[in-house]
Amino acid sequence: MFFHRQELQFKATPDKSDPLFARKLQEVLGGQYGEITVAMQYGFQAWNSHLPGKYRDLLFGIGAEEMGHVEMLAIMIAQLLEKAPAEDTEAAVKADPTLAAVVGGMDVQHAIVAGAGARPVDSNGNPWQGSYITASGNLLADFTANANAEMQGRVQVARLWHMTDDAGVKDLLSFLLARDTMHQNQWIAAARELREEGLEGLPVPNKFPLKNEVREVAYTYLNFSDGAAAAEGSWASGPTPDGLGEFSYAEGPGSSVPMPPPTQPNIGLYGTMPVPGPLGKAAATVKDALTGD
Amino acid sequence: MFFHRQELQFKATPDKSDPLFARKLQEVLGGQYGEITVAMQYGFQAWNSHLPGKYRDLLFGIGAEEMGHVEMLAIMIAQLLEKAPAEDTEAAVKADPTLAAVVGGMDVQHAIVAGAGARPVDSNGNPWQGSYITASGNLLADFTANANAEMQGRVQVARLWHMTDDAGVKDLLSFLLARDTMHQNQWIAAARELREEGLEGLPVPNKFPLKNEVREVAYTYLNFSDGAAAAEGSWASGPTPDGLGEFSYAEGPGSSVPMPPPTQPNIGLYGTMPVPGPLGKAAATVKDALTGD
Amino acid sequence: MFFHRQELQFKATPDKSDPLFARKLQEVLGGQYGEITVAMQYGFQAWNSHLPGKYRDLLFGIGAEEMGHVEMLAIMIAQLLEKAPAEDTEAAVKADPTLAAVVGGMDVQHAIVAGAGARPVDSNGNPWQGSYITASGNLLADFTANANAEMQGRVQVARLWHMTDDAGVKDLLSFLLARDTMHQNQWIAAARELREEGLEGLPVPNKFPLKNEVREVAYTYLNFSDGAAAAEGSWASGPTPDGLGEFSYAEGPGSSVPMPPPTQPNIGLYGTMPVPGPLGKAAATVKDALTGD
Amino acid sequence: MFFHRQELQFKATPDKSDPLFARKLQEVLGGQYGEITVAMQYGFQAWNSHLPGKYRDLLFGIGAEEMGHVEMLAIMIAQLLEKAPAEDTEAAVKADPTLAAVVGGMDVQHAIVAGAGARPVDSNGNPWQGSYITASGNLLADFTANANAEMQGRVQVARLWHMTDDAGVKDLLSFLLARDTMHQNQWIAAARELREEGLEGLPVPNKFPLKNEVREVAYTYLNFSDGAAAAEGSWASGPTPDGLGEFSYAEGPGSSVPMPPPTQPNIGLYGTMPVPGPLGKAAATVKDALTGD
Amino acid sequence: MFFHRQELQFKATPDKSDPLFARKLQEVLGGQYGEITVAMQYGFQAWNSHLPGKYRDLLFGIGAEEMGHVEMLAIMIAQLLEKAPAEDTEAAVKADPTLAAVVGGMDVQHAIVAGAGARPVDSNGNPWQGSYITASGNLLADFTANANAEMQGRVQVARLWHMTDDAGVKDLLSFLLARDTMHQNQWIAAARELREEGLEGLPVPNKFPLKNEVREVAYTYLNFSDGAAAAEGSWASGPTPDGLGEFSYAEGPGSSVPMPPPTQPNIGLYGTMPVPGPLGKAAATVKDALTGD
Amino acid sequence: MFFHRQELQFKATPDKSDPLFARKLQEVLGGQYGEITVAMQYGFQAWNSHLPGKYRDLLFGIGAEEMGHVEMLAIMIAQLLEKAPAEDTEAAVKADPTLAAVVGGMDVQHAIVAGAGARPVDSNGNPWQGSYITASGNLLADFTANANAEMQGRVQVARLWHMTDDAGVKDLLSFLLARDTMHQNQWIAAARELREEGLEGLPVPNKFPLKNEVREVAYTYLNFSDGAAAAEGSWASGPTPDGLGEFSYAEGPGSSVPMPPPTQPNIGLYGTMPVPGPLGKAAATVKDALTGD
């Protein structure tokens, strides 16, 4: 269950209205790596969790905080839009170059659809979607996804920090940057702890028996480009991070097989074929229909 | 530039047709973490790269291999569909329970749209989309995204491995599992190398001056759930992975501020408001229009 | 069947070209609550209708009008784009600030993709999609959806009315506003008539036997936030609109149950689990594979 | 801010695993009218609200409850999937007709992607998206949207109630049905209260001056179909629900205007035109380029 | 304007209910090449048309027919669903294998969302979307798009014809096949007529001066694969269809240039870079911020 | 398999940075008819091909070239963004009108998400999606789709050519225009060759027996609009392009049938119905439940 309190974790009030920045800020609210994504991602990982105790608690504990960040950003955006123009006619735009810039750069749906309100979309107006999140049930994979989400999110907030000189907005961004710092560290620590406790390991999923993969190509870098520097990295020689092998390097695929011949499906699918393929029972019936019997 | 050779990196021929499994295999071709995703993700990271040399070479080298994996899976799927039924009428379905299961479980667009061919979609028929990929220009974040993609992908291939007993299909999956093992190891090694060379560090982005974030909350776990075990993890005490702080633990937000009052936007946006808000020039004109002048 | 006549229901010609407004007008053509939505929504409700006579006639009668509104808006947009620039180079933009505003604020796909034509998208360029419409077969629910659609649509047109001073455009908007007034009234009247005729009632669907719901919580407001004013509304005490109960008020959930323990799915799905769960027959086979037999 | 408690509002445990029903239940979790939709919709309406006090409190109060419903459904789905097969090979399917039905009818991404976990998608696997929600800032419109959402949602839950005979699942559905009954009643009461307090009225938005719409067609039913019964309803004669007019009835559009002539845009857009249109300055430059000067 | 008549162009009544086929038939209603696509595509091409007279008349004339086909298919689907099960519980499914096949193969949203009604989606439940249509303003391109749409559509209907033995359904498909035959022929004839009248030609757009393209590579087949047969086709030698050149054949790209060096964007974007790039004024400010001044 | 070479087919370097044009250029990279579309489309057609030899070689040969065009455009866009502003604050925008135009018109995700890099989206920021491509297995249909794609693509590139005066960008566009000229010619030639070799013909699919379609309406133009010029075209009289008939012309549908009565589905679906419909076994059970046993 979730309980709401009509307070914010941190001040989310701009010094003044700025519809242009409101649009940009949508990215970290409703974008691929915005707050809706992490709130939902940690929620679904928790609800799908197969581990009791500290790992699930961690997912719940951070997930609920992120829902509060969704709220802070939505409220900040609504305030940034408070003086969004409602009369941006052509005449008004020509008379006022500042208005022209605003009209050109703001999200027009902020005015037309939401009446100066926040929306569950990114900075280009693409709606948030469920396919942004990851919750596989494998926690080492998922915590890596979480670390990535917090990294991408913090990169975006850092970029936004330079795009405004509103002290109120900058304060909120500074707060979010710090929380992203914390959460990056937490997911990295949690992933490490999973490995140390033997709950999961590399390669993910580590319960899958390695004898079932083609071990011959499990540690060889097959370079399909012509970059000369490709062989210099620590990914091309030396021990592998999973502790189970030694990197090696090769140009191209090593071996290959001929491409299989084109398929000859049922003639009732009307693909373009040289001659009708070998027909099973069903196909024979189609053939009858086609040839008029 | 890309050059195509009409050979495959590994045998991709099933022992026999199986339209049900063809649908499932679409996940690792055109799903969120399928081969199209990694091929495009590594490509865009390379094209957007700001570093010459080994890191970009690595992205190109693996990216081109993944395009070949797209091809192997598409060709495998086409063969799995080679005997897909074209005459799955109600009468036929009732007469043959096996056909019923096939018709119920296969992707019907495989027959109706593609005529027994592969499609750029996932196992539920959702089209692949550009928002699956990540290419931020920050390589530590992006290599973490890549490690996650290879982990999620290998988890999915491992699951699929149990869902077929076709030796030809299993062979291909065993090959892909090994390459995912390699690529997981490579992205982890590359991320480590970036940090060791000082090109990027934690927290990402590490060039952003820490003085600009609210350091007071940068290492405190604020638990917004009521899980008792939340404080036990290595994410709640001890040194942080970025080497810059010490984790601490707190229940709830620590501090908070009142929620700002509701916004009062321009009356020409027709939001429901207690009384019209303070009007600027444009709003005044709207007011004139509204009041009949 | 639909028959087309090469006339418009109302004049749809702007006084002059205005690519900026063309973009905004897309919202009420191809947006969530644009004319394509209502035309399709009333169509599908009619085609799926289980009632003969006046209700289905009403859906057909308004639906066909809305297809004509789609046409009026598309033609208006094409004319607003008639002088859209084809030479908006950087040099031209710098020389002419008005052009800069136009280029910044117009939908660039209007020029690049449609060659100065209307598109089936909203004002941010998101394509219209089938998931915007509602047609459940339950007409009291659907007529409520229709009333909402006409309200949202009229709010948007009213907002747009202030964003232009082109008399030709304003005339068309004034016409659409009046038709939205009519259609709001009609769907409200039709919903009332359904209830008066006993075809449907509250709560929707009213044929579902109330004994099958947990009546104890059917009229209690459970407040999950901390707003003090929450108890004052007519939704917290007094008779309920369905005429079947009396509102009451409570803080929080009233009662609750512990969260169920984490699930322990098949080990072949490679979730992170404390110990492998209880295995059925299939799982046992997976286990064999995993342990090497 | 949101706080999470590791309890559920109501028991959400099935009597036994049922992957087929898990898929169906996704509709009311992640579908157009699922719980994610109402949780987000009420949240955004609250964050964008221009009214302090009871109306915003109501939005927060119900919104937070709906987040808990998201959780209950996710946890129910995870349990329904607990025994989802991981070894649904062709041989296994042929040997066990029940397995065949399960494999045919379950959401395959439940196994392949989520490892027996819930997902933010509908019953056909379409990801939830931000364009499902409505938050216009006009509360009479939005409360009507909310009433519709609760009606559509309750219709879907009632349908699902017949598709299972699992007592645990039925209990949860019975609980959700009751809460939908409550919320339908609340939004209808809240809409009525808005009107009674004069904050908003019909037609929505009622602050827009009626003199600016074409009143001649504001209360006439223009029937664009040939249904004879169309004139019989209370929407074709008698007083209008907004209390401002009298319905009348007419066949067809009443009046019409000729379709405007085809547009003649800039020749540099390469549309197919009879002769190049009248050229402004920019076009002249294009013309120069085209003719070689 | 569009006028609706409550008749169908052709009988659209199945001999009996068949929810499995209802799902398949959705493809040609709401799929990429379904009837909604062609109705909307011809509509937008007409509304955006720059040519008066016969070509626009043709677009209107066929477009309105296609809207009637949307209706015929929706009504057929509703009837195919008339006996869709509402009580497909696990017990019922196990007791009745036919029901199992139906439940596994039908579109579950047909029951849960639409209550046995048609939906604006394809056979996998993906919503129809505006990006399926093409209306560029260039009629030779667009008529080619139309010919393709009618070809893809007829291929799909032909495939569906084999998937049912319901005489009523087969009759409707036979009718649609004939109309697709007509429309294929019409668009091909119209494209030919455009060329003969000199309104448009090859290469499209033929008003663009050929001197502005790199004519050296305008007729050479550059083969980027290793297929030996590639040189045998009429696309590798002989006169070109546009009548302006002669095909030639070459292996690979002919010439190439080195890849440009990696970009060095503003350091405030926090990309991973070797050393900060050359800074302009804005960047200098960022640098100040970063270095603490 | 694909092999990558770190060279470009043609110079892709702008004379100077231009973020506004970078956004526009996204259309031909990641739009409906951009290079990702043709690369993937030709790839899937090849992988799904049922013909060995020259046709499949052609698909592979051009498909791989298009992957290289994806790369050229991505690299060009990254360079156009190299000096994209990172400090576009409100103060900076007001001080510099050029910056205002840039900020208003550029794709803000280019900075916030990609850090001055290319993205797999169109010029409005819509992500590329798998439903843009066509690969039906019927090669005459598919080659027509390809011809259309090259036509639409060349129209867009020609439009873009006028929107920049950067010589470097214009050079690349001139190169792409020439390759589009070539590919238009090739697909037209290949379609012609398919027909001449008897592999496929009109109407597509020509293997479907014409006796199974309603030949009476296979060559009649049924005009559903009121355009007087509709009868003048070569599509209304004379021989048909498929060589099998003679065009004729008729106003309206010719014949029609009454609309079927509304459906009466299972009462457990809670549609609004006059009286419960005829009940089968399952429905009877529902009825029991509804009426209280």
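Things worth noting here:
By written order: A, B, C, D, E and F. Residues from 1 in each chain.
The working rule: a contact is a pair of C-beta atoms (placed from the backbone, for glycine too) under 8 Å apart; a residue touches a chain by one contact, two chains touch by 3 or more.
Nothing here was measured: the structure is a model prediction, and the numbers come from that model.
Counting steps between touching chains, the shortest path from chain D to chain E takes 1.
Copies chain A and chain F of the same sequence differ in orientation by 120 degrees, per CA superposition (steps of 5).
Judged by contacting C-beta pairs, the busier of the interfaces A-D and B-C is A-D. Comparing the contact residues of chain A and chain E by number shows a mostly shared set, over half of all numbers used being common to the two copies.
Same interface as D-E, judged by over half of the contact pairs sharing residue numbers, among the pairs B-D, A-D or A-E: B-D. With centres defined as mean CA coordinates, chain B is found 6 Å away from chain A. Averaged Cα coordinates give chain C a centre that lies 24 Å from the centre of chain E.
Residue numbers of chain F whose C-beta contacts span two or more other chains: 1-9, 32, 48, 56-57, 60-61, 63-64, 68, 75, 78, 86-88, 97, 100-101, 103-105, 111, 113, 115-117, 121, 124-127, 129, 131, 136-138, 140, 155-156, 158-159, 162, 205, 208, 212, 224-225, 227, 253, 256, 263-265, 267-271, 286, 289. Contact residues of chain A toward chain E in the complex are 155, 158-159, 162, 268-270, 286, 289.
For chain D in complex with chain C, the touching residues are 5-13, 32, 53-58, 60-65, 68, 75, 78-79, 81-88, 92, 111, 115-117, 126, 129, 131-132, 134, 136, 138, 140-141, 144-145, 147-148, 151-152, 154-156, 158, 161, 174-175, 177-182, 184-186, 188-190, 192-193, 202-205, 208, 210, 212-225, 227-230, 232-235, 240-242, 245, 247, 253, 255-260, 263-271, 280, 282-283, 285-286. If you check the complex, the residues on chain E that touch chain B are 18, 20-21, 23-24, 27, 31-32, 97-98, 100-101, 103-105, 122-126, 155-156, 159-160, 162-166, 224-227, 252-253, 256, 261-265, 267, 269-274, 289-292.
Taken together, the chain E residues at the contact with chain C in this complex read 1-9, 30, 36, 40, 43-44, 47-48, 57, 60-61, 63-64, 67-68, 70-71, 74-75, 78, 113-121, 127-131, 133, 135-138.
Residues of chain D that touch chain B in their complex: 1-6, 48-52, 56, 86-91, 93-94, 97, 100-101, 103-105, 107-109, 111-113, 115, 121, 124-127, 136-140, 194, 199-200, 205, 207-209, 211-212.
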